[in-house]
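Questions regarding the structure given below will be posed in turn.
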Amino acid sequence: MGLRVTDLSCARGGLPLLEGVSFSLEAGQALVLRGPNGCGKTTLLRTVAGLQPALAGQVDLPPEAIAYAAHADGIKSTLSVAENLAFWAAIYGTSSFEEALDRMNLRALAGRAAQNLSAGQKRRLGLARLLVTGRPLWVLDEPTVSLDTASVALFGDVVRRHLQAGGMALIATHIDLGLPEAEILDLASYKARLPEIGAGTFDEAFL
Amino acid sequence: MISLLTRDLRLALRAGGGFGLGLAFYLILAVLVPLGVGPAPATLALIAPGILWVGALLACLLSLDRIFALDFEDGSLDLLATAPVPLEAVVSIKALAHWLTTGLPLVLISPVMGLLLFLPSEAYLWLILSLTLGTPALSVIGTFGAALTVGLKRGGLLLSLLVLPLYIPTLIFGAEVVSRGAQGLSVSTPLALLAGITAGAVALLPFASALVLRINLR
Amino acid sequence: MMPDLGSYALEVSLAYVASLGLIGLLALWYWLRGRVVRRQLEEIETRRGEANG
Amino acid sequence: MASFWEYANPLKFMRTTDWLLPIVTWAAVIVTTVGLVWGFFFTSDDFRQGSTVKIIFLHVPSAMMAINIWVMMLVASLVWLIRRHHVSALAAKAAAPIGLTMTLIGLITGAVWGQPMWGTWWAWDPRLTSFLILFLFYLGYIALWAAIDDPDTGADLTAVLCLVGSVFAVLSRYAAIFWNQGLHQGASLSLAPGTRMDWAYKAPLYTCMVGFGLVFVALLLAGTRTEIRARRMKALVTRERMA
Amino acid sequence: MISLLTRDLRLALRAGGGFGLGLAFYLILAVLVPLGVGPAPATLALIAPGILWVGALLACLLSLDRIFALDFEDGSLDLLATAPVPLEAVVSIKALAHWLTTGLPLVLISPVMGLLLFLPSEAYLWLILSLTLGTPALSVIGTFGAALTVGLKRGGLLLSLLVLPLYIPTLIFGAEVVSRGAQGLSVSTPLALLAGITAGAVALLPFASALVLRINLR
Amino acid sequence: MGLRVTDLSCARGGLPLLEGVSFSLEAGQALVLRGPNGCGKTTLLRTVAGLQPALAGQVDLPPEAIAYAAHADGIKSTLSVAENLAFWAAIYGTSSFEEALDRMNLRALAGRAAQNLSAGQKRRLGLARLLVTGRPLWVLDEPTVSLDTASVALFGDVVRRHLQAGGMALIATHIDLGLPEAEILDLASYKARLPEIGAGTFDEAFL
């Protein structure tokens, strides 16, 4: 089972941003998306995750196989680290979050309320959630923001193990993740060109 | 699903979670109205059924924006929408959690409120019964409104504006049950209608709410 | 022994039962919470003592 | 002479209350029991109020304590804000639930008394009204403490709330008097207008007042001890986590 | 300072800013009360002064959490606290902005509400006057409450619980002015007391609010 | 005029985190703070900026000379980019924000509502605010989060010009900022050690 994205166009705020994006991922592969600020990485990831409809083209992996992690981590600040993870584990029907705690180096923080974590600790908790989803494709939007060097390396290991176990990862980032085996796709070249239309002629989509 | 319910209840019970505050609001309203209207027992008894129902409705209303807004802000809603649970179920569970933390306490405290407003003693039974039947509808309708306004920063009062008209039938029949009860008249018609509204809302509105939520998330 | 409370027996006994009940509940709660907190603190302090050797 | 403020040191406070608390507790139990038994079993019925007069032994002490406890919280809050002694902040915190309970007892006994005397459970009388508002202040104060995680922030905020709240509580009292001249007894210990209260009632009443005061002090000491322990526990837990 | 005021007003007028919703809530309340209480004009006229004041108070209350919460969440409040403006001034400007977007519209629409609730014609003047005098106090007191609860997630209803008791004197005097006015009695005493409360609150509370805000930010 | 921090201790959540931190900055200098996640960088910066009281030690630059930029940018999402900047310019009593727009490459976005910006564009707007404060010391908490490489370079230039004009900068970051002239201070060595106290003896601070 792999992800195949064919000729995808996506729009944000009613305006096409990217067009004709095609790529594919097989089990065990990772793809890093790059591109300048505002080129549409977040938009593309949300489209792949099924959170917004595509303008054209298709994504042929059902959303049920995808775990999405955005800037906002979905962390409840009044629940403890363990409670937060336990909740997501229950929702995804996977039984244990203990391993996730260990692998993201959160064991010492397990009983602490999430609101008392530092920026980087919060981020680690957000990433630990991926481990309890049990889903093959991880769609990650700038996952290493705020992480220190040691934590970036830790995260790189976690991704690598996920890939070795037959998983896939689609990652948008500006900085180096320490994943040399990942392919890189620069989105700058897929910038949408608006169809040229003379004044006074506008069709269904008003463009 | 159970885990979602327990999480929501637990969040409500934690600091700043809002449990008990609907209650407090209800109590405070019962204090304010006499202070505004004047202390005469006859007047208060006359308006008690209406005020008690309007108060319950407002207490529900004020806690609606908690249903989704926090989950939206911290991204949990995006994650729930991509999680292996149907969004309709999520919405229903959220409505249930809202009722358990708001509607149910209101029902339980309403006799005290009746006392403060000199509600005639025949009406107490009907007050409790009508609130028990009616507040689930308030929660379900409110969840729909909350789903509609979820993306808007502090949509709180827009939410009120949208939801209040939807609350009107429930209010009318609910208050009618109590005031008829207070006068010793038959209450079966408004009670049946109230039950009908609740049953209909509980059965159908979650689908609308889930739909609207999906639109708001994209 | 019980004094004759006349026609207001219900009111008077209700007042006494409710008041003493409330004070009793409060005292019970303070006592229980005090015990729990004391236990927890003791546990932590012994743990610290061990950790410090 | 040792300064009074020494007792604001948690350790000194714990040491002192170690021996003080049992004494106060026993005194509270004994005095309250004596007062209430005296009032309940050994007073005669009033010629107008019948046996309901016995409610006075609960109602008046609890109502007075409800007000006094708020005043004590006000003082403790000021001490915290000015001299930053943790024990006083924690004492204010521990006092609030007792004040709330006293208010509730005053309300309930008053309501139960009102039914036979005024023919109604409740009236929007100024004293009753301001008492109900006091109840709300207690609720708000406790809710604010409960909502804040950081202990010092909580102490600061609730102290300011207590100060501002006191001003408004007094204002409400006058507003309520202005708004409605009520049914309730005046401030002289008189049962019916004109008649002074008989010593047969006054003596057990005073005993009960002292008893309720002692009950408050005992609960307050116990509660403050618990709060101090909880505070230390919290500090230790955070400290452990850091290590 | 002016720029802070214009920014706050502009934010209120933009989408989701909440302007007009206090108003809408007020109007809806005037619709709900007759529905709950029953349509008899005599009853309604009797309770109109009280209900109008309680409504104004609730409409104010519901918009309080906007005063600081948004600025806290996006970090503006930290930045304002380190900016070259005294925090007391910031707090006062915020209260003023709240009054301009909530209190003032309430005053202006109140005659319409009077109409809906059959307020006696002699009372209109007093209704407007008392609201004009009283709503600034509501805004200033509310700002204090908002400053107290600023760090708490959705402190909305806790805020209500804290602020409502503080509103009571204002409510009593305000409603008293209107109901005395409706009966043709002298209103000078409650009016003077109302003005006194407002003056005191406006002069002193901003210091308490700034203090509390500083505590909450640290 | 310079910043002199002497023997500073700071606490978070009632718990001492750092102790004995001393450093000084002269006009034209920059200092980069480093340290693992949760070591107290954010806490230190907030203390220096005067947002929270120090446990001990002192900061001898008045808060009036400091411009602080945290993770949250203080951006109003319904106001346009230009309106956001104009507001801060007015608050700081500096007249013009036009130059800031140009220097942070925001000219093309000036009329756009802030809610329609991407993560990196928002960050640029947050940094542009620094330029309108007109204050000598910039205190920055992970300023380059979400920025692409070109924007990081742009930001590096902006900081360099600020330093050349006699300004100072105190920056917490995990990644390389392209400011080789900045000194680096690792906070890991200032971790607070708590005084050891036996069981059963506790004083005012309950420790």
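Residue numbering begins at 1 within each chain, and the chains themselves are lettered A, B, C, D, E and F in the order written.
The criterion applied here is as follows: a residue touches a chain if its C-beta (ideal position, glycine included) is under 8 Å from a C-beta of that chain, and two chains touch if they have at least 3 such contacts.
Remember, it's a predicted structure, so these values are computed and weren't measured experimentally.
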{"item": "Proportion of interface numbers common to subunit A and subunit F (over half same, under half different)", "value": "same"}
{"item": "Chain pair, C-D or E-F, that carries the greater number of C-beta contacts", "value": "C-D"}
{"item": "CA centroid of subunit B to CA centroid of subunit C, Å", "value": "35"}
{"item": "Centroid distance [mean C-alpha coordinates] between subunit E and subunit D, Å", "value": "32"}
{"item": "Whole-Å separation of chain centres (CA-atom averages), subunit C against subunit F", "value": "51"}
{"item": "Residues of subunit E touching at least two other chains", "value": "15-16, 152-153, 155, 158, 161, 164-165, 168, 172, 218"}
{"item": "Subunit C residues counted as touching two or more neighbouring chains", "value": "45, 48"}
{"item": "Multi-partner residues of subunit F (at least 2 other chains)", "value": "13, 71, 77-78"}
{"item": "In the complex, subunit D residues that touch subunit F", "value": "9-11, 85-86, 150-152, 228, 231-232, 234-236, 238-239, 242"}
{"item": "Subunit D-facing residues of subunit E, complex", "value": "144, 148-149, 151-152, 155, 158, 161-162, 164-166, 168-169, 172-173, 176, 189-190, 193, 197, 205, 208, 211-212, 215-216, 218"}
{"item": "Subunit B residues touching subunit D - in the complex, by the definition given at the top", "value": "15-16, 20-21, 24, 27-28, 31, 34-35, 38-39, 41, 44, 115-116, 118"}
{"item": "Subunit E residues touching subunit B - in the complex, by the definition given at the top", "value": "15-16, 18, 21-22, 24-25, 28-29, 32-33, 35-38, 43, 46-47, 49-51, 53-54, 57-58, 62-63, 65-66, 69-70, 152-158, 160-161, 164-165, 168, 171-172, 175, 179"}
{"item": "Subunit D to subunit C touching residues, read off their complex", "value": "36, 40-41, 45, 50-52, 54-55, 58-59, 62, 97-98, 101, 104-105, 108-109, 112-113, 115-116, 215, 219, 222-223, 225-226, 229-230, 232-233, 236-237, 240"}
